[in-house]
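A short write-up of the structure that comes next.
For reference, chains read A, B, C and D in written order, and residue numbers begin at 1 within each chain.
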Amino acid sequence: MQRRIRVGVVGGTGYTGVELLRLLAQHPAVEVATITSRKDAGTRVADMFPSLRGRVDLAFATPDEAPLAKCDVVFFATPHGVAMSQARELLAAGVRVIDLAADFRLKDPAEFERWYKMPHACPDLLAEAVYGLPEVNRAAIAKARLIGLPGCYPTSVQLGLLPLLELERRRPGAIDTDSIIADCKSGASGAGRKAELHLLLAEASDNFKAYNVSGHRHHPETAQQLAELAGKPVGLTFVPHLVPMVRGILSTLYVRMKAAAKEDVQALFEARYRDEPFVDVMPFGSHPETRSVRASNQVRIALHRPGGGDLLIVLVVEDNLVKGASGQAVQVMNIMFGCPETDGLQQVPILP
Amino acid sequence: MQRRIRVGVVGGTGYTGVELLRLLAQHPAVEVATITSRKDAGTRVADMFPSLRGRVDLAFATPDEAPLAKCDVVFFATPHGVAMSQARELLAAGVRVIDLAADFRLKDPAEFERWYKMPHACPDLLAEAVYGLPEVNRAAIAKARLIGLPGCYPTSVQLGLLPLLELERRRPGAIDTDSIIADCKSGASGAGRKAELHLLLAEASDNFKAYNVSGHRHHPETAQQLAELAGKPVGLTFVPHLVPMVRGILSTLYVRMKAAAKEDVQALFEARYRDEPFVDVMPFGSHPETRSVRASNQVRIALHRPGGGDLLIVLVVEDNLVKGASGQAVQVMNIMFGCPETDGLQQVPILP
Amino acid sequence: MQRRIRVGVVGGTGYTGVELLRLLAQHPAVEVATITSRKDAGTRVADMFPSLRGRVDLAFATPDEAPLAKCDVVFFATPHGVAMSQARELLAAGVRVIDLAADFRLKDPAEFERWYKMPHACPDLLAEAVYGLPEVNRAAIAKARLIGLPGCYPTSVQLGLLPLLELERRRPGAIDTDSIIADCKSGASGAGRKAELHLLLAEASDNFKAYNVSGHRHHPETAQQLAELAGKPVGLTFVPHLVPMVRGILSTLYVRMKAAAKEDVQALFEARYRDEPFVDVMPFGSHPETRSVRASNQVRIALHRPGGGDLLIVLVVEDNLVKGASGQAVQVMNIMFGCPETDGLQQVPILP
Amino acid sequence: MQRRIRVGVVGGTGYTGVELLRLLAQHPAVEVATITSRKDAGTRVADMFPSLRGRVDLAFATPDEAPLAKCDVVFFATPHGVAMSQARELLAAGVRVIDLAADFRLKDPAEFERWYKMPHACPDLLAEAVYGLPEVNRAAIAKARLIGLPGCYPTSVQLGLLPLLELERRRPGAIDTDSIIADCKSGASGAGRKAELHLLLAEASDNFKAYNVSGHRHHPETAQQLAELAGKPVGLTFVPHLVPMVRGILSTLYVRMKAAAKEDVQALFEARYRDEPFVDVMPFGSHPETRSVRASNQVRIALHRPGGGDLLIVLVVEDNLVKGASGQAVQVMNIMFGCPETDGLQQVPILP
């Protein structure tokens, strides 16, 4: 790789933005050319995030003055609705676009409108957009111009179910696809860097709760993708919970095995992920902890079958800001630009 | 109530012990006569727990020198196996016994032996022991000499399923009793005051994990009780998780409704708990938080039915040290001695 | 006490408000007649704070419709500036006023204006207002119509220095009053229930920092009071820090002893606080923890003199929302209305 | 650098051990040849620390079977007393030794014996040992065979005072060296990976306390070094506190300026640290947070002078496990072996 990849970041003041900057600052083949924030234009990045002092020497620019069109790739670490308003112009200028928000995740614009309460600005681009989950779409990502990056919860749920749904596709009747339960738990950074009462330390610390049990935006995204993997609709119940910690997601997945009661699911998972650099299948019966992947792009998965029955429990941990967002974004960029997939993503998890 | 109830506490150096002392210190009709600890005999209670300075004026005594036989009731806040070795003698002396550990929870001594790795010292007393869940066994508790107090997880799971299992008993086929899932989350105090590595702040803070997924001691207890409520075996999957907080349990229960798709489960729960002082059925679709019951004997329950489907989600919160242990013990004592059931248990939860 | 005290609470949606409600709900002689919130008028209190379900059966009223003038006492749990705009009218109606904010703490209106960036609405009332620290002003409080309640930090600093400054007054030259240092640490609830970025769990958890080192509003208040106690100006350096916990303040106070190198300061503190129900002087060399007073009105103090030198270290812990705010408010009310001073404040601290 | 540095780690099961492994796994010029643990010999490192799965492919060896004598350098991440029993033999074999514990910090064996309650095994080596603080001893480190690595607190205190004490040495009377106060706060990992009650999450979380106020082992070490820097004894009061977080130290230092009231201390600090890769002097009046250096070798310092008076406040943050231990060890190793000093230490701090 001769020339460095010129990167633009739109909306760098949130958690996925600062996490992108952390990862890109350590990437051997990247130059961050510009970073925008309408509200904080003029502020030096390292003044807002002192962790980046001495590592990121940029100030936030307004979207208008930022040379986004001269970048090789632009990441949108923005609220939902921003990327879709700027993607067409950037693509026309030959810039590749990776949206970390939801604008290009759902294939059906009506579904987008229903969950995000706004019309989709460019439904035609939805068809072109590639869902940026490397473990499923690596080849398509390599050729893509426009990426809708998976949400944090959906990444963990899909990676936990992927080998099973592919099995079901190959051998229908292997698992019960009507009654999958995803009981998911996330740290508070998953809600973003937003000044909301319920996210205050004094509210959320030393506390635990479920939220959005009757409907969460990551449900339609996950259901869409699971159906694609299984080749048929999948009945999914998704219950998110808020954990009093900063980073991390643990998804506890309940899947009923059918014909496959005899199936060696451990071997199935190990085979499926053998060559995946960021998916670690732990020994059967392990208990992965979120801190075992903290601040890294790693996912760890473990399987259980209590009492040897037909209910399979899949435990999946990820760092919601890395594999669940910015790390996955870098992984996708690496694929798009022909870099080694692990470039900039080799950090060892932080424990303790 | 003329005379005060003379109370003895065996094993007061753990979390259920200090919590008992906190509650009993505020009880209008109780005198704590003695408290024992073999290891810390001679130490003043308030030196070990400065929160009790000025409120508890006792020193730990050795079990031998403590006047337990002269108490009206003795609480065992001890590791498993202690109460069963002393219960017979105390009962013979006319003392009532409330065991906060597991010695008198399981009806089948073989089951006890299997899970607790020790023979049961008095299987004959098991038949007499009453399972101390007031919402189910109030009348029996009132007449009991010997109480096996429910575990923390089992309390939350039973209270969350009670109206449904009673419905099933009245009207078989109302719910699917073969595939109930209890995805439970507990604060670290649930593991007790034990110096173990995985419970250190530096290990358990800013972290989340499942544990004992392949088998937890609270499973046989819960299964036994659910079967009793339903009048038939119940298929229960129980997955505990460790939350980086001090107190609190949230249990997320998944129950598939059958004939009862039309059932008004909200009305069912409200009717069942209308007269229960410590069970609060919140409006349908609520999200109870553990802190809403922190340091109180309250349980709060909320129901959800995502998409209006046949899967009912029951959310239950309790403070594991109060309703899950010491508060329930005081409630049971109140019933046994004819005190108002809420005596000593009127504390408003601590929020924030 | 025949008739219950009719209490009004203005601004009940913050942490001092909900804490007042928690304490008043358990007070034997109080009836909360009304509670106001301009923004949340109409909302039931227990819907905003589920911890109060079944305990507080009121809805927030607008300040205009609330029968404040018919109360015996009105607490202002409001932002700075509200109490001073309504106090005159209430006093005229014979209502006593306890302000938990800063409107009536500083004696000098210019000082108020300098730190709070607003003119004082009723400088004449400042002269009448009594500073509500019972350990210093009990007699004046009993006769007061208008109370400016101490801030949370100032309460801990004053109680930690009180015996020393009184000693200095009696025997000038006992301590060095020019160079007192108060290195104070507070949980996040001290900042109030405000949606601000730096208070998010994802920002403030697993983190520690000093803040407002160059000037904090509690400095002039503390300096004013210390001067009053010492009978001369006191040089105070005050450095606040934010601890990743919900409740609690620990103040580490550094005082250089002069003539008093021989002084038995432990005896001095014990004698001074012997009859104070809420100040506990621990054995010399103890290490009080904030949790030892969690959710209670207790203050605990311990003294150290490393190497037996002339530097005295005073450690003070309090719960910032109880003795540092709402508990102190109830204590003051008890004094004003002739109730036993500990009424409604007998809760044992929550540990763990 | 042709050949990789062969590294041995003695005692790899504690926090400084696993942190060393994290850093060394990312070091371009290191090969970890062996790691020992008497207790856990045979266990794979990645089984004990799943964060290292796929990154560290070693099992713990017993000290006897480990080829320590064939290493270029051996790190002791052991309890106090281990390194001194093995150092002589390793040095004789031509191996360099870096002790992360206290065996080679104190110059005076009597002082060591007094604080660590054991005789020193090799007082003669003490004279040779170099105190491993690069910012002070870089040249000596480069030539050293044996390093006593600074403690976590002493590192932060020394770096915060270094420019001032050097000033005092150059210009006596600049600061008051008799009354320096170090009010220090540390996360729980500073206590090590030890199963002790007071470090449990349920004990230490949502809590704050001072500890060892009457005497802490880091006091003599710090005092010794400060005296060396100042060229005369320094009166230091050191008060450590336990913060409910995993990593991080903030030291609040109080120094009284004398002649130097006119001194531009900000310029002094900036000049002193201009070329130091791991010391960041922030703008005057800043408030460094521990998370701004989390999991990195960075130290950040900020100065305050409240009211423009003569009391200087120095705020210092470091990650106790990195610059306070294992990162500093790697930095020292880099200097000893002629590697670029930042090799393996370029990680950007983890925020949030």
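Quick notes on this structure:
Note that a residue touches a chain if its C-beta (ideal position, glycine included) is under 8 Å from a C-beta of that chain, and two chains touch if they have at least 3 such contacts.
Source: prediction; values computed, not measured.
Compared on C-beta pairs in contact, A-C and C-D come out with C-D as the pair having more.
Relative to chain B, the chain whose mean Cα position lies farthest away is D. Remark: chain A and chain D have CA centroids separated by 37 Å (rounded to whole angstrom). Averaged Cα coordinates give chain A a centre that lies 46 Å from the centre of chain C.
Chain centres here are Cα averages; for chain C and chain D they lie 39 Å apart.
Each of the following residues of chain B touches two or more other chains: 15, 187, 189, 193, 202-203, 205-206, 244-247, 288-289, 291, 294, 352. On the side of chain A, the complex with chain B involves touching residues 179, 181, 183, 185, 187, 202-203, 205-211, 213-215, 237-239, 241, 243-248, 250, 252, 254, 256, 285, 287-291, 294, 304, 306-307, 311, 313, 315, 317, 352.
Those residues of chain A whose C-beta lies close enough to touch chain C in the complex are 15, 187-189, 191, 193-197, 199-206, 244-246.
Residue ranges of chain D in contact with chain A, taken from their complex: 15, 18, 22, 25-26, 49-55, 189, 193, 205-206, 246-247, 280, 282, 286, 288-289, 291-296, 298, 300, 321, 346-352.
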